[in-house]
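Letters A, B and C mark the chains in the order given here, with residues in each chain numbered from 1 onward.
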Amino acid sequence: MTLNERIAELRERVRQQRPLIHHITNFVVMNDTANVTLHIGGLPVMAHDRAEVAEMVTAAGALVLNVGTLSPDWIEAMLIAGRRANELGIPIVLDPVGAGATSLRTASNRRLLEELQIAVVRGNSGEIGALAGMGGVVKGVETVVEVDDPTAAAKALAQQYRTVVAVTGRQDVVTDGKRVFLVDNGHEWLKTLTGTGCSATTVIAAFAAVEREYPFAAAAALACFGLAAELAAPAARGPASFKVAFYDAIYHLSADQIRAGARVTAVAG
Amino acid sequence: MTLNERIAELRERVRQQRPLIHHITNFVVMNDTANVTLHIGGLPVMAHDRAEVAEMVTAAGALVLNVGTLSPDWIEAMLIAGRRANELGIPIVLDPVGAGATSLRTASNRRLLEELQIAVVRGNSGEIGALAGMGGVVKGVETVVEVDDPTAAAKALAQQYRTVVAVTGRQDVVTDGKRVFLVDNGHEWLKTLTGTGCSATTVIAAFAAVEREYPFAAAAALACFGLAAELAAPAARGPASFKVAFYDAIYHLSADQIRAGARVTAVAG
Amino acid sequence: MTLNERIAELRERVRQQRPLIHHITNFVVMNDTANVTLHIGGLPVMAHDRAEVAEMVTAAGALVLNVGTLSPDWIEAMLIAGRRANELGIPIVLDPVGAGATSLRTASNRRLLEELQIAVVRGNSGEIGALAGMGGVVKGVETVVEVDDPTAAAKALAQQYRTVVAVTGRQDVVTDGKRVFLVDNGHEWLKTLTGTGCSATTVIAAFAAVEREYPFAAAAALACFGLAAELAAPAARGPASFKVAFYDAIYHLSADQIRAGARVTAVAG
């Protein structure tokens, strides 16, 4: 199978297995990421209370931890759910929203990376740079100064925590610290909407739930996500009509479209 | 008046009386259910703090309790608001999201049913089955194994708590434990979006706010909700464009459309 | 420059400076107001924990405090962030959602007005009337009985707290207690959606972040917001399709459109 055929097959696997994606995530994107989970083929659940997260995660195919509107209580719940997920071998996907913007965010993300075995971290260049200690500037939740070398930052962070790091931007970089996938799908409209990074994280989680080769799962997810944006763009008259067309495109994204449109390059490690 | 004429009249009554629907609900659907409340003709308010819920509910026509992202604090607020609503004769509509998925969810919903007089419980087949102790499997917030006999489960739960139970699915069942309404409106697109069950609950609350015959109010609400979905379906190119057309259709849903399209059957008790 | 040319210039300034708008806001509108911030040209961040709000706000161009789903913890965070904003000269825009509906809401908003120097308060007529002690009735979060004289109520509140007050309604009124701007842009569709008042507040914050003449900034923001609604209205087939067209129109709103369509009147003080 070619790489694109493998990506197409993986996208279908999500549809067939319908993995439950347990999110402990921020208030801004809960509705969006629940819908994206459904559209890509999974089942979403949002549950954050310490009294139930360990039980809820047992049914999940993957766990999303997203600190976009964090508070200490929620971080505790993330640790409880995360420990149980680790015990059960359920992959955890971390979205370190705003790492670098405040010390609480940087410290909380470091703690999650240190105390849990994270399968994939997905952030923008500034967030990954902040966690890797390799530059970039985050203002609020947005990178305003890019990291000089996103691949180097991603590799460093991946090696430090033995995880897979996905840096999204004009070109997405996915690495386990050695191998690198570059993903050239995507569209400028994505930057005009809140939470598109969080939604990309959700798609990575859905793919990681059914494919344990996490670097490939993450790269495939980002290719599908970006390709859906490309397919939707002609219908956009602005950000909101783009969003409608984009979600419709995620739902319909087919094996044929992926074979023709995914642009993933595997770089020798 | 025929049944459909009564449903059409009830939908207009909501528009004219504009009842305030006080929601203590989950983070995922707050925006959606606030909009659905407005589109059907009511006024939404979301308020969850123990310091104000008893006061807020006094102005309400109905109270929605939805445990989709529950925590113990919020359950306490639900009990405070619910007790006041009971004192004032304001109907409470309960959405037991994820009952059966975790013990916290099952226990919290049971507690609400035991300590409050609930006017209507609206859930999917797995949630109602879990509360009635009659089977079904809930994964996250979705029924993955249907209850064998949803009408029997609904009747059992209705009798146990002297309430009205609405089970939504391919065919909706509404019962007070004796009489049964079957509702055959609806569309497959509804399953591709998060929170459509929660939105159906909101419409039931708006109808119950202006019609004290709760089994009829719930059946009429579900018929209108499902009919709007049917009317919207031709404009759908995917889940997100369906959602836009669906909300537009709820807003415009007219007496003529209801007379022609509602499909409710009253079954002898 | 004419008034409309100044408004057009200000709207472009937001696009160029991309101010960070730190929101401590309600759960219902977080997604909407984050998107509106992006579409008007700013960067949104939602952060509410006491451990980070003082740090987050230092990077902000403006701070939005919105009590739509308030709880005492969040009010404390608003005070912490607000004090820091005041120290740094960062404008605070307050949205007193539901003031008048419960004593918690009225008291919390009064406390914010007393303990912080608020740059602009934006509310509907009932909310402003409740805070000014000049009548109006709020049911939930909606004005159900209008204040007799919104300009008088706005002036009184502005003078009491040395702030700028914006009352939105059929005609918007903006005043610092002496000068008055009247804004005649807007469209009836705005009333069919939840959170449009909150989104107007966000646009005011984005404008106040780059223009320290706050009465003008608020009036300009409301003119742009209302004008985008007017431009979107022909594409509306209902509330949801209106919302899509409205957000697209905010994003595209151009200097030419503003010069031709803004309807702001400066009334001698």
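Quick note on the criterion: contacts are C-beta pairs under 8 Å (C-beta built on N, C-alpha and C of every residue); 3 or more make two chains touch, one makes a residue touch a chain.
As the structure is a prediction and not an experimental result, all values here were calculated from the model.
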Set of chains adjacent to subunit B and to subunit C: A
Copies subunit C and subunit A - interface residue numbers shared by over half, same or different: different
Superposition of subunit A upon subunit B: rotation angle, C-alpha, nearest 5 degrees: 120
For subunit A paired with subunit C, centre-to-centre distance based on mean C-alpha positions, whole Å: 33
Subunit B: positions in contact with at least two other chains: 27, 31, 244
Subunit B-facing residues of subunit A, complex: 20, 22, 27, 30-31, 34-35, 37-39, 43-49, 51-52, 55-56, 59-60, 243-249, 251-252
In the complex, subunit C residues that touch subunit B: 26-29, 31-32, 68-72, 98, 101-105, 139-142, 192-195, 237-241, 244
